[in-house]
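Both of the next two complexes hold chain A, though its partner changes from chain B to chain C.
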Partner chain A sequence: MKKLLNTLYVMTSGSYLSRQGETVVVRQDDEIKLQLPIHTLSAIMCFGQVSASAPLLGFCAARKVTVSFFSMSGRFMARMVGPVSGNVLLRKAQYRRADDQAFTADIARSFILAKIANCRTVLLRASRERIGDTVLAGAADDLKTHLLNLSEPIALDRIRGKEGDAARTYFSVFDRLITSQKEAFVFHERSRRPPLDNINALLSFVYTLLAHDVASALEGVGLDPAVGFLHRDRPGRPGLALDIMEELRPFTADRLVLSLINLRQIKAEGFEKTASGAVQMNDATRKIVLTEYQKKKQEEIRHPFLNEKVVVGLLPHIQAMLLARYLRGDLDGYPAFIFR
Partner chain B sequence: MLVLITYDVSTETTEGRRRLRQVAKTCLNYGQRVQNSVFECLVDPAQLASLRQQLLKEIDTSEDSLRFYFLGKNWKPRIEHVGISEPYDPEGPLIA
Partner chain C sequence: MFTEDDLLPISALQHLAFCERQAALIHLEGEWQENKLTVEGHGLHDKVHEDDAEVRNGVRLVRGLRVRSLEFGLVGAIDMLELTPVDSAEAGGVALPGLRGRFLPYIVEYKRGRPKLDHCDEIQLCAQALCLEEMLGASIAESAFFYGTPRRRHAVTLDMDLRAETGRLAVRLREIIDSGQTPPPEYAPRCQNCSLIDLCLPQAPRQEGSVSRYLKRTINEVTSEETA
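Up next, the complex of A and B:
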């Protein structure tokens, strides 16, 4: 099994990354802040005003360390990857399958089934803690209906429709999952580009981190993150990464956001509203989110399909690997990640 | 696994001072400097073999010495730090 390597997050404005021997050096105000051997890293993520030397970028590409750049608010800007690696036969299989209607609908159904099942588990866990909350239990029942509706193969458009319905049900009760700091963290509906409240700002930020990890994992097993099944091809959109993300979202991202709020690890003061109505986090809050995200990745769980102990951070890689096996024909179906 | 590497390199001659710089540089490629001649390196067995090989080539065994302490995978409870320049945790969140 692959080892989960660390991710370096560079957040301080004016940081400069360069190469020294086999190490990555982070300088701030001409002072060396960190010097890390490259073999412990799998990714470097830069937020805001961060620059990097060309030799460093080449060095990272050669060592398969992806370097990504994000705006201060967490919006993805660019990702630097080395030469295309992996198996050309695998990628061709992926493209052929992406054009095959029946196949696409079938695998898209796996992603969505897993997503809804995982959303349902999030709700059920909360409702178990608060006996008598009929709304949560009712929403979980609704999700079960959606799951049953998806038990037979249906057309891709209808899968997308079901997914929308399920997402609406899930997010309609999401506010009930927040048990502390109710005044500052109210959830009405999902808003993106820009996120309009604190919770949406958090969700968007964590989803960006997850999307990045999934895209890197797909690249790592030799799949093309851009060619999806559920998500249509669109220039600049990592369709397949978004596909795989669906099933991982509730377990990794949503629960992280909820615990950050419920355990009071983040506070209302950490958010500010800009003139346009968009909500942004301040640097301190962003650091807390990144720290907790990294910690979450170190947690050990038992993978339901492999029946092996793995760390959460390897889930994107494992799912990418299982998908590759399915596309190659080594597996009869794609075992999406469903946690209990 | 975490390996602690310490060394004494004789700096009497220019050649010795050169060796000292080389040894430090090599250790830095694999880990972090926690004190003047002390490095903590998070490596797998293959990486350790090549690190060891490089270090052995650099030192002069008639004048210098090297020590490797193998702290294994479960190294965190085995290390306590007091005082200045707290090192970073190579397995923890890396945020600069």
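Up next, the complex of A and C:
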């Protein structure tokens, strides 16, 4: 499989990135903090007050290293990529098919089938340790019903309806998956803009990381991350990246957030409630999350469709590639990622 | 005759001779994945293109020449052209831009590794010669490879068969590019040496209905897992 390269996360305010020969140099207060050969990197993600020299940006573009800028809270601001990669014919196929109702419904059903199946597996794994939790078991049964309802082709708006129902069911029992530090980590409902509690702050941050990886993977295979099938086009929104994220979220993001809390890798002190009620993480907590996210990417699993061993970090790339294959007519459907 | 806008890269012919799908993935879909072999190849070529013209034992060496053929619709570059001075046009000598006298042109292409069993490399050399012949109004009977292991020159006769095969591939390449369709994979032993194997996925399930079967089967397996 393709090699999983590192992502460099720059979190310290006032950092300055520049090029030196074949390396990327990170300076803080005129002192070199880090120097990395470019060929070990696939992306650089800058959070908050981080600046980069123009020669560095050009160097990264030439070496296909994406440089992205986020606000301190993880809101995406800008991404710098080199020339558009891939095939214009593929992008045209993507646009045509995004306007084709039957085709769109077929792909969207794959995304949502996988998402619900994966959510259910997250619940089941937890319920094994909590025998007798009838609420958890009930939610898993509800998700199974939704899955069976999606076993035959249905219209796109009904798929979106099922997706909403399933998400409500899933998040309604999400709090039960927290098994330690219950007083600090309580989940009522999903809040995003802004996140209103610690768990939502965590979820939002990890989803941002995942969305970035998915968008890069889509661009890498020549697809336009903005033109989705399940997500309607909206300027500024990476619809296709969000589509692919649906199936990857439970496995890569939600389970990571749960283990960070349940294994006490992060603590209540790492979170701060601002005057508006919005919750922010501190730098140390963000660093832990990033480290664990990177670790998770190195884990090896068996891809259910390819039946090959792959590392988790390549899942966005693999799914992007499989989607491209379907759009080109190489496959007879989109084999969404369903983990067991 | 093709126009300059229509020209396709000579390298595509080699890829095509190796595998039609590989050629389409690279030249139609714009996919390219570096592997160890291709990266080492770059290093070698950078070196070849580094120096300017030099004269060695009376033979002039010109490196990194860009060539094209409007007849075959190809464009590419020649690693090194050796120009041996000859007395007359009768001896096969051609006049060259910027040089006095007449010369016998001889193409040398640098390759890492050893001579291959298939003829992908010969196709490339022949295509370069066809381009150069058109540009110079010359006729080139022979060219050569310089292989890294062993460090040895290997001459190739540009006979009618090789020329015909090269021309046929140029036509086929154009058909594929014009169609916009990447041919389906056929898994073969050569796939293991292909730098695009992870993009091509020659062994991925691809028969009609395979994805819907995968989805049905996997969902069945997942839903049959019972709640505790």
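Keep in mind that, in the parts below, the second predicted complex is superposed on the first by the 340 of 340 C-alpha atoms of A that agree within 3 Å, B and C clash if a C-alpha of one lies under 4 Å from a C-alpha of the other, contacts with A are read in each partner's own complex, and residues count from 1 in each chain.
The rule we apply is simple: a residue touches a chain if its C-beta (ideal position, glycine included) is under 8 Å from a C-beta of that chain, and two chains touch if they have at least 3 such contacts.
Model, not experiment: these values are computed from the prediction.
A.B. asks: Does the superposition put A:L263 against chain B (first), chain C (second), both, or neither?
C.D. replies: It touches nothing on chain B or chain C.
A.B. asks: Applying the touch criterion given at the start, work out whether A:Q298 contacts chain B, chain C, both or neither, answering first, second, both or neither.
C.D. replies: first
A.B. asks: A:T7 contacts which: chain B (first), chain C (second), both, neither?
C.D. replies: First partner only.
A.B. asks: Touch test for A:M77: chain B only (first), chain C only (second), both, or neither?
C.D. replies: After superposition on chain A, A:M77 lies in contact with neither partner.
A.B. asks: As a test of reading the superposition: which chain, chain B or chain C, is in touch with more residues of chain A?
C.D. replies: Here the partner covering more residues of chain A is C.
A.B. asks: Figure out whether A:I32 sits in contact with chain B (first) or chain C (second), or with both, or with neither.
C.D. replies: Neither chain B nor chain C is touched by A:I32.
A.B. asks: A:A336 contacts which: chain B (first), chain C (second), both, neither?
C.D. replies: Touch status of A:A336: second partner only.
A.B. asks: Show which residues of chain A both chain B and chain C reach, each in its own complex.
C.D. replies: Dual-contact residues (chain A): none.
A.B. asks: Tell me, which parts of chain A touch chain C in their complex?
C.D. replies: Counting only chain A, the residues touching chain C are 1-2, 85-87, 89-90, 110, 113, 117, 120-121, 124, 127-128, 130-133, 136-137, 140-141, 144, 147-148, 151, 221-222, 304-306, 321, 325-326, 328-336, 338, 340.
A.B. asks: Quick one: which bits of chain B touch chain A in the complex? Just the residue numbers, please.
C.D. replies: Contacts found on chain B: 25, 28-32, 41-44, 47, 88, 90-96.
A.B. asks: Can you check the complex and tell me which residues of chain C touch chain A?
C.D. replies: 28-31, 33, 180-182, 184, 198-199, 201, 204-206, 208-212, 214-216, 218-219, 221-223, 225, 227-228
A.B. asks: Along chain A, where are the residues that touch chain B in the complex?
C.D. replies: 3, 6-12, 15, 20-23, 26, 28, 33-37, 39-40, 287, 290-291, 294-295, 298
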